[in-house]
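Handing you a structure now.
Note that the chains are named A, B, C, D and E in the order they appear, and that numbering of residues resets to 1 at the start of each chain.
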Amino acid sequence: MNTLIIIALLGVAAMMADALRFKKILLPLIVAGLLAALGFAVAAWNSNLSYYHEMVLFNNYSLAFSSLLIVVTLLWMIISKKYFSSSSNMAEHAALVLFVLTGAVIMTAFSDLSMFFVGLEILSISLYVLAASNKSELRSNEAGMKYFLMGSFATGFLLFGIALIYGTTATFNLAKIASSISISETAGNTPMFVYTGVILIMVGLLFKVSAAPFHFWAPDVYEGAPTIITAFMATVVKTAAFAAFYRLFSTCFHDLTGFWSHAMAVIAAITMLAGNILAVYQKSLKRMMAYSSIAHAGYMLMAIVAMNKISANAVFMYAAAYSVASMGMFALMQSMTDAGDESVDSLKGLSKNNKGVIVFLSALVLSMAGIPPMAGFFAKYYIFLGAIQSGYQWLTLVAVLSSLIGVYYYFRVIFVSLQDNTEGSGHTLNKGQWSLIIIASLISLAMGVLPGLLLTLSL
Amino acid sequence: MNPSLPFFVLATLSVFSALMVVLSRKPVHSVLYLIFCFFTIGGHYLLLNAQFLFAVHIIVYAGAIMVLFLFTLMFINMNKELEPHKTNLLKVAATVAAGCLLLVMVGVTKGAEKLAAHSTRSDVGTVANLGKALYGQYLLPFELISILLLAAMVGAVLLGKKSVE
Amino acid sequence: MVQFAWLIPLLPLLGFIIVGVLNKRLNVAMSGGIATAAVFISFMISAFIFGEVAHEGSIPERVVLFDWISSGDLSIPFSFLIDRLSVIMLMVVTGVGTLIHLYSIGYMSHEQDHPRFFSYLNLFVFFMLLLVLGSNYIVMFVGWEGVGLCSYLLIGFWFKNIEYSNAAKKAFIMNRIGDLGLLLGVFLIYMTFGSVNFSDVFSAASSLPQNNAAVTAICLLLFVGAMGKSAQIPLYTWLPDAMAGPTPVSALIHAATMVTAGIYMVVRSNVLYALSPDASSIVAFVGIATAFFAATIGLKQNDIKKVLAYSTVSQLGYMFVALGVGAYQTALFHVITHAFFKALLFLGAGSVIHAMSGEQDIRRMGALKKVLPITHLTFLIGTLAIAGLPPFAGFFSKDEILAKVWMYSPIMFVILAITSVLTAVYMFRLYWLTFYGEFRGSEHQKSHLHESPVTMTLPLIVLAVLSAVGGFIGMPELFHAPHFLNEFLAPVIFKVSHEEASHAFEIALMSVSVVLLAVIMYATYSYYVTKKVRPEEDSDELDSFAKLLSNKYYVDEVYAALITKPLDKLAAFVYKFIDQGLIDGTVNNTGTALNGISGQLRKLQTGHIGAYIFAMVIGIITILVLTMII
Amino acid sequence: MITLLLLFVPLVASLACLLFDKAKVKVFALGTSLVNLGILAYSLTLFKSDMSYQFLVDYWWVKDLGISFKLGLDGISILLVALTNFLMPLIILSSFRNDYKNANAFYSLMLFMQFALIGVFAALDGFLFYIFWELALIPIYFICLFWGGEDRVRITLKFFIYTLTGSLLMLIGLIYVYLQTPGTHSFDINVLYSTALSSADQSWLFWCFFIAFAIKIPIFPLHSWQADTYTDSPTQGTMLLSGIMLKMGLYGLIRWMIPFLPEGLEQWGNTAMIMSIIGVVYASCMALVQKDFKRLIAYSSVAHVGLIAAGILSLTIQGMQGAMVQMLAHGVNVVGIFFIADIIFRRMKTRNLDELGGLANNTRVFTILYLIILLGSVALPLTNGFVGEFLLLNGVYQYDAWMAAFAGLTIILGAVYMLRSYQKVMLGEPHARSIEFTGLHLTEKIVLVVVALAIIVGGIYPKPILQTAGPALEDLLAQVKDIY
Amino acid sequence: MNSILQYIPLNYYVALAAILFAIGVMGVLFRRNAIIIFMCIELMLNAVNMLLTAFSTFHGDESGQVMVFFIMAVAAAEVAVGLAILVMIYNNIRTVDIDELNKLKG
């Protein structure tokens, strides 16, 4: 709870920075605050506390995810310095980012649908603004508009679903909903619209995690939004969405698994394939990463589909592995944005200008592609393990095939980086980007070599 | 008088005005139909004994949101029929899709009769009751709504402010 | 002495290594000397061992060197079997080998690369000795393939000439075809008898009934091996081509020793063949067909070595006929006499070629009798021996074969007899054309004509003597002398056929052959010497049959058309269309297709919010319908 | 402890390589590989040739998932570890005449490869095996990508994805088997062996594993990555691939498939066998028409390993032992022959057989060594190749005589294409360019002589190999036959 | 005071909400003017609000109405942000036709 409060207050404080003239120390302040929040989260481990009439429940699951979100945000801060310092609206940006994080933390910890909704909206509304925040850039505007329109449209379905669930159970409390559903299921008098409600909530969430066929917004928004915001969206927001998704479905609708899991399995399969196949053709690295993030959503959905006792860990492990590696990739992408050319081909000369970067970059790419000994592999392994355990061999097979496609385009990044640039000096990185790539790849490797640290949290 | 008559009258009006929102060619007409629609929905709130909600609804929607809409509409000077319409094919497709959705939604939202008999409480929608709920059980989300509004405010300012280049 | 048997192959191996390593540091005399000495010492040891084994009542001995391959219950020691069969082969191999080594010193004296030649020759002797000494099929197979290798190396000795290396390759590959059969036969032996050791196999086999299917299969598979090695139809075409190698090689490998390995192997496995009359008759048929077929080709060849090569093929056919009719000793008898006279003929031919500065075409020879007296005389003895004039060696062995065949099948006898006549015809054609008439070569060649050095003539003389008297080791019963060879080999032959042709028949046969020979000698003499008929030049028009013969029935061409070229074409086709096209294409096209699909799918991403929302709605409807209503 | 040393010396050295001076890194890498060879030799002296796993190392890695860091060597694996350690110095030495750009990275990757390969052969935990299996793919991928030929980008990617396809299928299979293990699941090899799988499961699991191994081996028709990759990789990469990495697949068949899928093998073994044997003849035929020397060797390699696979699948002790011998023999021979191709390529700047010829005129030592290596690969008796092929064909023959006869065609076709290549390269009149062909350098001589000696010694005295692997293989077969 | 639900089945409200919701969706699909689309989304939200209120009254549970309250707040916030974005776009390209926004695609 302290974590949540600190982050929220940090957001409010950031908002005031401009007015109260402490802009200069804002970033250090945020870092310190986030570290404190992280500290509180870690300190609360195993405490399993519920607050405010069971509005939030900080159990290990939410603490782990909150910590992950904070850590990823801290990583993100490494490359975001320039974004903040170059913008005249630094305070507002920082505040919005922190509000997004607030929403995200709520989404990991809610135990009431109203909290879930509020968290989701705090996150979404701030993000709509952030996506459109590059005002002079038409593509940013377009991204903001698209995200906003489709996001609120999807929210409508989500709310309709929530309403239907409420209609049966007369409560928003997750535990009560679960028990009510369980009772009516055994009694056999579940109204049909409960199922509809589940499906509609699922649709709303599938939109948020950009699963096919609700993924269309993602590539456009990811591409249009400022790169730094895309990085945040692809990692922190995605992680939060999955945390909420799993939390909701594992606590509330666990008894209905047999009902929704098949549809979701098909969606997971389509998502993986669509994301990976579409990524193949992309010339722009940013857009490619957008599609790849869609594909990754497909893998994470597999864990929710499997819905067994390792699924929580699987989602967590995957989110961690994916977020860290993606963050590294986004550092590279940020450098491309700085250079004004986001096409993969512009990476030529990278390895020549930045000695040794190729090693770390390869590590990141291997992690994204899910190849040992990187974290991505263990995450995938865990997902597969869960899926097979629940009897989804076919889905695993699809996952395997689509990750092969993944290799196909991820490795292009390495190929191109290795080539010499015939004209001009080629691509270079700045210090922050460099260090983030190194840090991200090292974390990926560490998680890969010692997967036990994360795999055995038993969330 | 048939006690269920108000429902049917209001429902018909709601559906009609909603349809008109969609079908009106002029944006301003749409806005006005929407306001009307909101009033009919407000009527439903009254029928449902949700007096507080009725008040809030009228204030927020008809009073604030719709005014904002109208204001924007005026601001961008769209009172005339400048909206380019979709091709007929797309319109048909949209209607068919929406129609299907309608059928499906109505089809899949059945089963309310399976619920236990409805409560006879009539004081649910009172200000007192809701106030207790808001400041009691729902204190935390209520407070967090303020963060939400803050975020929206900061966002609107950020987007609306003239950038100092 | 028997326990030192391992020295016999070891010495040539050492010779190979020493000559091979010292290489250019040796002159001809030294490299040849070392090589010859190595084989000669082996010969001496063999002779000692022969003496011991020949002793009455000796039993076969195994000399185990080390455990070579053992896997499960398959155990293959690297061991030698010293029995009467192997010692007799030892004597032939090392004896003839020594002579040919000696001869080579002279023959190769002008060759720069002589150490390589001698080392290969020694290596050959080593493998040949392994072949005859091996106490199981696998060690035999080592020698078997080893001699094939050496044959390859020596045929292609002059590697700059691509034709020669083609001939070498052909020899090796044809041999390998046979080897595969042999290997499969060995596997079947192991499957059937659980062992590949001669002693185990034969003792197990002797209790089997006649015409056991497995045994027949074994015999046929082994015979495929023999076909390759001993140049039987259809795998004989490599042998004439093998004449590309230096002449001593032709004498040693392609006449006296290696090509008889097939006969040795069948004799060694006589227990099995005796059990399978079916397989034996196939052997006989193949043998007789080869004998006749090769003899007809021999009639029209103009290359002195080619004539001898086809004659060798034909003679090998004889031996297989003998094997096929169950006369194992007789076959071996012919192996021995053939080794003498064919080595003699080849070396004589070598001497002629040496004198003619490398010319091999008999149309360019003639009247060499006077310049090459020793060569001429020895060559005459060889010719008479192969033609079968009593009392030369060839007569006895050949006569014995004919007698045995007569008992087996009169029709086969007739064919074989005709072959005999043909043999005499082409041999005398060769003889007359080479040594009589007038010299037809160039002036340059004429000025260089000379008799060969003593290292070359000495082996000729020794072999001539052996060709003349070698037949006495197997006198027919008619003469009431003991048939030394039959008695000597009796212990290693499983089933000795006791049917003997009547004395009257033998006498008739003998007299008829003498008369016929005289007629042939006269006829060919008058044709080639008196009438001076010359073989047609290649450019001349031939009548069709002669053309067929001179082109060796076009067998090579047929093989090329039926096997080699289609295989190449097929492989090229498969490579292009199946391997690269279909298999690799599938893989590559997966990538291309993926790109294509990606390119098409991305068109769905139109950029229009309306379309996206439309897709969402359709998606929602679909999910709802699929999950809720269906 | 020895296992850990064997495993980690290359890893540590691999990292150390990055720090070294560019000029000395070659020597350092060679030194390390020799040290490892020394350790191996020492471990061989301690090795008792029975069926047990020795030099066991067993730590938990991820305990909750039943994943342990368990290593050990039995008669089967120690031979392959020996092969790796024996070939590594040769491969490194063979690179001494090449001046690779970024030599540090190159040798680092080579040693990392050694680490991964030893891991593959020594792992006694299914998951660990998989990790090493994939790890081995990464360095070779980069070696091919950085130092490869013209078309390397496309080809290495194809290679990577192709082999990864198999690996992931295997991962599915492994996970499934793991989930069938009793109690708290475990990847321990003994647990996996003793897990009962239903016949239907074994049926599809068979293909999961078989395809993975078949791609790596490669078995027809999954071989199409191979020729391209061999041709386009730097020679040392090709040596690693063909000399050692192919054996991963074969080893996988023996250790990670046959023992726990006996019924699957019963159902599909015949199909797999037919695939292998078709591949033997098919690849031989393909080798007939190759113009590129390296491609020719690549196809010949497919033929050889196909036969090895067939020998393993025959489930006879002769076939199995033949496979072991032939794995080692093929490893040695193919390294030798690729090195020969490399020597020729470096001097003549072409690998096209039609443009070569007459080299035998210039260099006697090279000719002889080439010939010996060639004879080894055509399985002439008294070379290592013969022992292997003899036992393999024998094993196949016991399985099915006709298959053996068909597979045996390889000894004919092998002779045809190898002799053809020899003829094209070495024989004939000296070529305009080949006149300048100079003699061998010392390092080249050392490599080739060692290979040639290994070929001959292996052919004359294969007993140590047979004895080392024998008990383990017999035990394994007994287990499988029990279930039949 | 009795609520209407004593005279009509709850199902009617559910159906009405569904109809209004579907009309909202139809509007989103039908129109190209971003403002109208916003309004249609508001309509969808109101359908939800009405449904929640109906359920709340039916169950005699106030949390449904609290939720409606939250939804209204969120709707207001959304409209604020949405209109800000819209105005910004209008300032840039002088149109609110969403089909003009297709620079990002593929």
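As a working rule, a contact is a pair of C-beta atoms (placed from the backbone, for glycine too) under 8 Å apart; a residue touches a chain by one contact, two chains touch by 3 or more.
Predicted, not measured: the structure shown is a model, and the values here were computed from it.
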| item | value |
| --- | --- |
| Set of chains adjacent to subunit C and to subunit E | A, B |
| Best-connected chain pair, where connection means C-beta pairs in contact | B-E |
| Furthest chain, CA centroid comparison against subunit C | B |
| Chain centroid nearest the full-protein CA centroid | D |
| Euclidean distance of C-alpha centroids - subunit B vs subunit C, Å | 102 |
| Chain centre separation in whole Å, for subunit E relative to subunit A (CA means) | 27 |
| Interchain centroid distance [CA atoms averaged], subunit A/subunit D, Å | 43 |
| Mean-CA-position distance for subunit C and subunit A (Å) | 78 |
| Residues within subunit A bordering two or more other chains | 114, 117-118, 121, 125, 128-129, 132, 135, 145-146, 149, 153, 164, 167, 192-193, 195-196, 199, 219-220, 281-282, 408 |
| Residue list for subunit B, restricted to those that touch at least two other chains | 86, 93-94, 97-98, 101, 105, 108-110, 112-113, 115, 137-138, 141, 145, 148, 151-152, 155-156, 159 |
| Contacts with two or more other chains, residues of subunit C listed in rising order | 591, 602, 605, 607, 609-610, 613-614, 617-618, 620, 624, 628 |
| Which pairs of chains touch, using the document's own definition | A-B, A-C, A-D, A-E, B-C, B-E, C-D, C-E |
| Residues of subunit E defined as touching subunit A within the complex | 10, 14, 17, 21, 24-25, 28, 34, 37-38, 41, 44-45, 47-48, 51-52, 54-56, 58-59, 61, 63-64, 66-67, 70-71, 74, 77-78, 81-82, 84-86, 88-89, 92-93, 98, 101-106 |
| Contact footprint of subunit D on subunit C as seen in their complex | 23, 66-72, 74, 138, 141-142, 145-146, 149, 152, 156, 159-162, 165-166, 169, 172-173, 176-177, 179-180, 183-184, 187-188, 190-191, 567-568, 570-572, 574-575, 579, 583-584, 586-588, 591 |
| Contact footprint of subunit E on subunit C as seen in their complex | 602-603, 605-610, 613-614, 617 |
| Subunit A to subunit C touching residues, read off their complex | 145-146, 149-150, 153-154, 157, 192, 195-196, 199-200, 202-203, 207, 213-214, 216-217, 219-220, 259-260, 262-263, 267, 274, 277-282, 405, 408 |
| Residues of subunit D defined as touching subunit C within the complex | 158, 162, 221, 223-225, 228, 282, 285-286, 288-290, 316-318, 321-322, 358, 360-361, 364, 375, 380-382, 386-387, 390-391, 393-394, 397-398, 401, 404-405, 408-409, 411-412, 415-416, 419-420, 423, 426-430, 460-463, 466, 470, 474 |
